[in-house]
Amino acid sequence: MYSGDLTAATAAETADLIASGELSADECLGTWIDRAAGDELGAYLWRASRDQADAGTAKVGGPPSGVPIAIKDIFCTAGVPTTAASKLLEGYRPPYDATAVTRVRSAGLPMLGKTNMDEFAMGSSNENSAFRPALNPWDTGRVPGGSSGGSAAAVAGGLAPWALGTDTGGSIRQPAALCGIVGLKPTYGSISRYGMIAFASSLDQCGPLTVDVTDAALMLGLLEGRDEMDSTSVGIEGGVTRPQSEDLSGLVFGVPGDLIAEGVDPGVKAAFEATLGKIRDLGGRIEDVRLPHARHGISAYYVLAPAEASTNLSRYDGVRYGNRSPGSNLVDMYEETREQGFGPEVKRRIMLGTYALSSGYYEAYYGRAQRVRTMIVRDFDAAFEAVDFVVTPTSPSVAFELGEKTGDPWAMYLNDLFTVPMSLAGVPAISIPAGLAEPEGGGPGLPVGFQIAAPAFHEQKLLEASFALEGAIGFDGSKVRSGI
Amino acid sequence: MIERDQVLHVARLSRLKLSEEELASMQKDMSSILDHVDRLAEIDIEGIEPTSHVVPLENVLRDDVPRPSLDREVSLAQAPDAADGAFRVPSPQAEI
Amino acid sequence: MSGATDEFEAVIGLEIHVQLSTETKMFCGCRLSFGDEPNVHTCPICLGHPGVLPVPNRRAIEYGLQIAAALECDVAPRSIFHRKNYFYPDNPKAYQISQFDIPLASNGHLGEVRIHRAHLEEDAAKMIHVGTSGRIQGSDTSLVDFNRAGTPLVEIVTEPDLTSGAQVREWGQLLRATVKQLGVSNVNMEEGSLRCDANVSIRPVGSSGLGTKTEMKNMNSFRYLERGVEAEIERQKQLVASGERVVQETLHFDPSSGELHSLRSKEESHDYRYMPEPDLVPLAPDTAMLDAAAASLPELPAARAERYHSELGIQEGAARLLSVETEWAAFFEDVLGSDESIEPRVAANWVTGEFAGELRRQGEQDPADSRVSPKSLGNLVSMVSANRVSHGSAKSVLERMVADGSDPEAIVREQGLEQISDTGELQRIVDAAIEGNAKVAEQVRGGNEKAIGALVGAVMKETRGRADGGEVTRLLRQSLGL
């Protein structure tokens, strides 16, 4: 019997305990199943029994085998309910596994459950889940961020050692920031999207939500790779290894002053500045960098992502799977099914996207946004000529209160102001905890995320720098994880 | 400001039957979002190519080799309505 | 009907969907099938389940390039796939993956008809509309079978270069033969592996504008399409003649009644909201792919017709007939190959004329399935050419050959059909005929040359048809001093 507290260990440490025989995989799974059973954060939409968790999991020796994982409910899991937090898919049991799920299962990782999210990954607060909001373990009156809010809450709240999420415009990084954990959105194309329910196909990437950078590297190593089921997958050349760096000497970190000039909470700004100081302490250099079009990213994103979403979500028509609402004729059946099945934010984006693609508006909206995207891609290309990394606060604010931003869609969208440009450019970006900041209006400190972006497929370099910086910051979320 | 008729048209294209109430709030929300988005018009995009996605790949193809299909019972098990080995829907011919 | 209708000419363009005969579907590994139980060839991808992604079938691309080469099209250096969005139960993702602004191929031609474009796409599912006897009105339902969903298609769009139903049929048959010869499709219209829509409009003769067009959908044979197009041209002419306007609509032609019906459209608004398919990367055929497509081209029907006509001296009609049906072309070439002395022109006439006619009469279609081998038909043709049997006898020999596959030599021997080639023997019979019909002979000598027919008839009767008619006439004229 292992006597330690598993919530105090990272996934990598747990894997080492299992590999050394100090902890049995069985015991480990039992502990985490019990932890997940105590979910009071609305982190899970479905929790596995012991048998269900192990079903389909390969018995392999060696780390990280045996460390259970929570999976965002956007990944198709064969025979296991998969809803993308939508009423339309309530009761749906996919006939197949997503490639990412297959990968973690074949590495010997049991599945703890499916985590809550904003419906079809559309949202930044998890309040758009059709079933229940997820709550921030640091303050249950506040949101965990979104759309991977359940995954972030599960890891930060000690309900899972680590979790899979997806990021379209910030959906891994922003909840990781708001919950005080690490969230990595890899380069577009490094991990297969097969079986990941599509929101905006040209932007969606899956990635890890973990306690620390080492765990993120470990998970990325399992997930990355070319997949013959995904034409757009490439993998990461050379794979990913455990980061080791302890200093940042010779590395240049670019701060896009024009992007982060406005709208950043003072506490977030202070934590960001303090982190820049740590970078200097480690031998890194801070320079100004220009991303002149990045501040238009959010506008371009709210054309492109809804446009892709509008066609991706057209398949939910009540014909082949999912819920059908009766109608007196075919069109009626379609309209009732979609009207009943989708929540307000999903409908809003379908409408926006359909409008942007419709005859007469395509060039003005979709075509223009695609061109602005090109300019943002070029901005990053130029920036990475001059600097090694681009750094920003992950989110302009700390976790906000439930209901605080639901009345104003654009205010909610602005949460992703600093994360969306990297998504549009397809480059990798990570959020690491950079300390705590008082929320506006006062109260106990809440986590602040520090975002680091690197050139496409430079994940190893990104992880090395993040690892070094993480050590210098010394953020500790273990009390929240253990629930003390 | 997006017109009510346009909202209705887009809802029809999207196969969404919006209630009166939803229609009004949709018109308001879309208008305000589009106001922000319309700032893209300030950017000079002359001569800029559109980006559909960022992977630098071409000709990703698969060999013409069969893979197992699903058992019909498995695919039909998910269907809201099935009959005679097929997915059943209200007939489009019964629309009028 | 009236003179006015003749002042208009028809302008017709075709859209042809060709199902490719690959092993698997366009974007998933399910097998293609025809006539199997519903929904046995489906997977998460072709059922449009959440999270699935398409990966294009390499062979479908190769077949597309072969069609492009056969139609002498320009191949786009970089073409992309689009999503064509519309809701319908036969469209599992609610978008069809197709090519839009940059098709695989464009700017080609087949014969005199220009090809506007040829692009790759996926087929829809099949719907069967079943009426129920329920009491509620409009309670009828449809059953959807996704076996066909995702079958690779090449859509070929012509320029509006055709002007009549007959031309539509002839050119359609040529296109079908061309694609069939490539071996990339079964091109079976009844099974739907080749489907043809026609856009029909009329305009005043000599004008270059285009009138309002109607679309005729999915006829299951080119003969029906020909009739449908003719009916539609006539209808449009009548409309215009009576001062009415042609309305843009989709029509169905009922071959049994000869009537045209208007079809309801799939979606009242044709706003397909095309967008680049983000799940697929561009298609950029490299030199190797293009060379392979060019190298794979067999002799195509149009080229073969030209060769038959110019090199073998076969009449154009027969040459085209032989060329568009590959099995006929093969049979014809085998007849030629069986005997060097056979004249191509004569062989072509026998194959497309007497032999084809006899097969039809006896309810057969495919010469390859016939009991008559090319060699034995060649044998018969040689016997006629060498005057060993008369043309008339040869036709009755052929009837036996088709019926039971007998050898022509054996039939001729058995029935004593060999021509009397001994001039001495024939002269005696001629002399006897003149003597026995003295009055007729007198008339002929007196200038009534037509009367010679009776004498010829007498000779042929005596020889039971074994004499060559030309030779008999020659001997008669000689004997009568003409």
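Order of writing sets the labels: A, B and C. Residues in every chain begin at 1.
Just so it is clear, a residue touches a chain if its C-beta (ideal position, glycine included) is under 8 Å from a C-beta of that chain, and two chains touch if they have at least 3 such contacts.
All values derive from a computational prediction rather than experimental measurement.
S.K.: Which of line, ring, star, complete and other names the graph you get from chains that touch?
M.R.: Contact map by chain: complete.
S.K.: Suppose every chain is reduced to the average of its Cα atoms; which one is closest to the average of all protein Cα atoms?
M.R.: B
S.K.: Averaged over CA atoms, how far is the centre of chain A from the centre of chain C? Could you give it in whole Å?
M.R.: The computed centroid separation for chain A versus chain C comes out at 58 Å.
S.K.: Could you give the separation in Å between the centres of chain A and chain B, each centre being the mean of its C-alpha atoms?
M.R.: 23
S.K.: With chain centres taken as the means of their Cα atoms, state the distance from chain B to chain C in Å.
M.R.: 41
S.K.: Give the residues of chain B touching no fewer than two other chains, as numbers and ranges.
M.R.: In chain B, residues 9, 13, 15, 52-53, 55, 57, 60, 62, 70, 75, 87, 89-92, 94-95 touch at least two other chains, as defined above.
S.K.: Which residues of chain C are in contact with two or more other chains?
M.R.: Expected reply: 44, 47, 55-56, 87, 89, 138, 144, 146, 271, 273, 278, 280-281.
S.K.: Chain A: which residues touch two or more other chains?
M.R.: Counting only residues that touch two or more other chains, chain A contributes 92, 95, 201-202, 228, 231-232, 310, 314, 317, 319-321, 328-330, 334, 354, 358.
S.K.: Quick one: which bits of chain C touch chain A in the complex? Just the residue numbers, please.
M.R.: Contact set of chain C toward chain A: 44, 47-56, 83, 85, 87, 89, 92-95, 138, 144, 146, 271, 273-275, 278-281.
S.K.: So in the complex, the part of chain B that touches chain A is made up of which residues?
M.R.: Per the touch definition, chain B meets chain A at residues 2, 6-7, 9-11, 13-18, 22, 25-26, 29-30, 32-34, 36-37, 39-41, 43, 45, 48-55, 57, 60, 62, 70, 74-75, 78-81, 87, 89-92, 94-95.
S.K.: Hey, which residues of chain A end up touching chain B in the complex?
M.R.: Spelled out, the residues of chain A in touch with chain B are 92-93, 95, 188-189, 201-202, 228, 231-232, 234, 293, 296, 298-300, 302-303, 310, 314, 317-324, 327-336, 338-339, 342, 344, 347-348, 350-352, 354-355, 358, 364-365, 367-375, 377, 409-410, 413, 425-426, 456.
S.K.: Using the touch definition from the top, list the residues of chain A that touch chain C in their complex.
M.R.: By the definition above, chain A touches chain C via 74-76, 82, 84, 89, 92, 94-96, 98, 193-198, 200-202, 228-232, 307-308, 310-311, 314-317, 319-321, 328-330, 334, 354, 357-359, 362, 366.
S.K.: Can you name the residues of chain B that touch chain C in the complex?
M.R.: Touch residues, chain B against chain C: 9, 12-13, 15, 52-53, 55, 57-70, 72, 75-76, 83-96.
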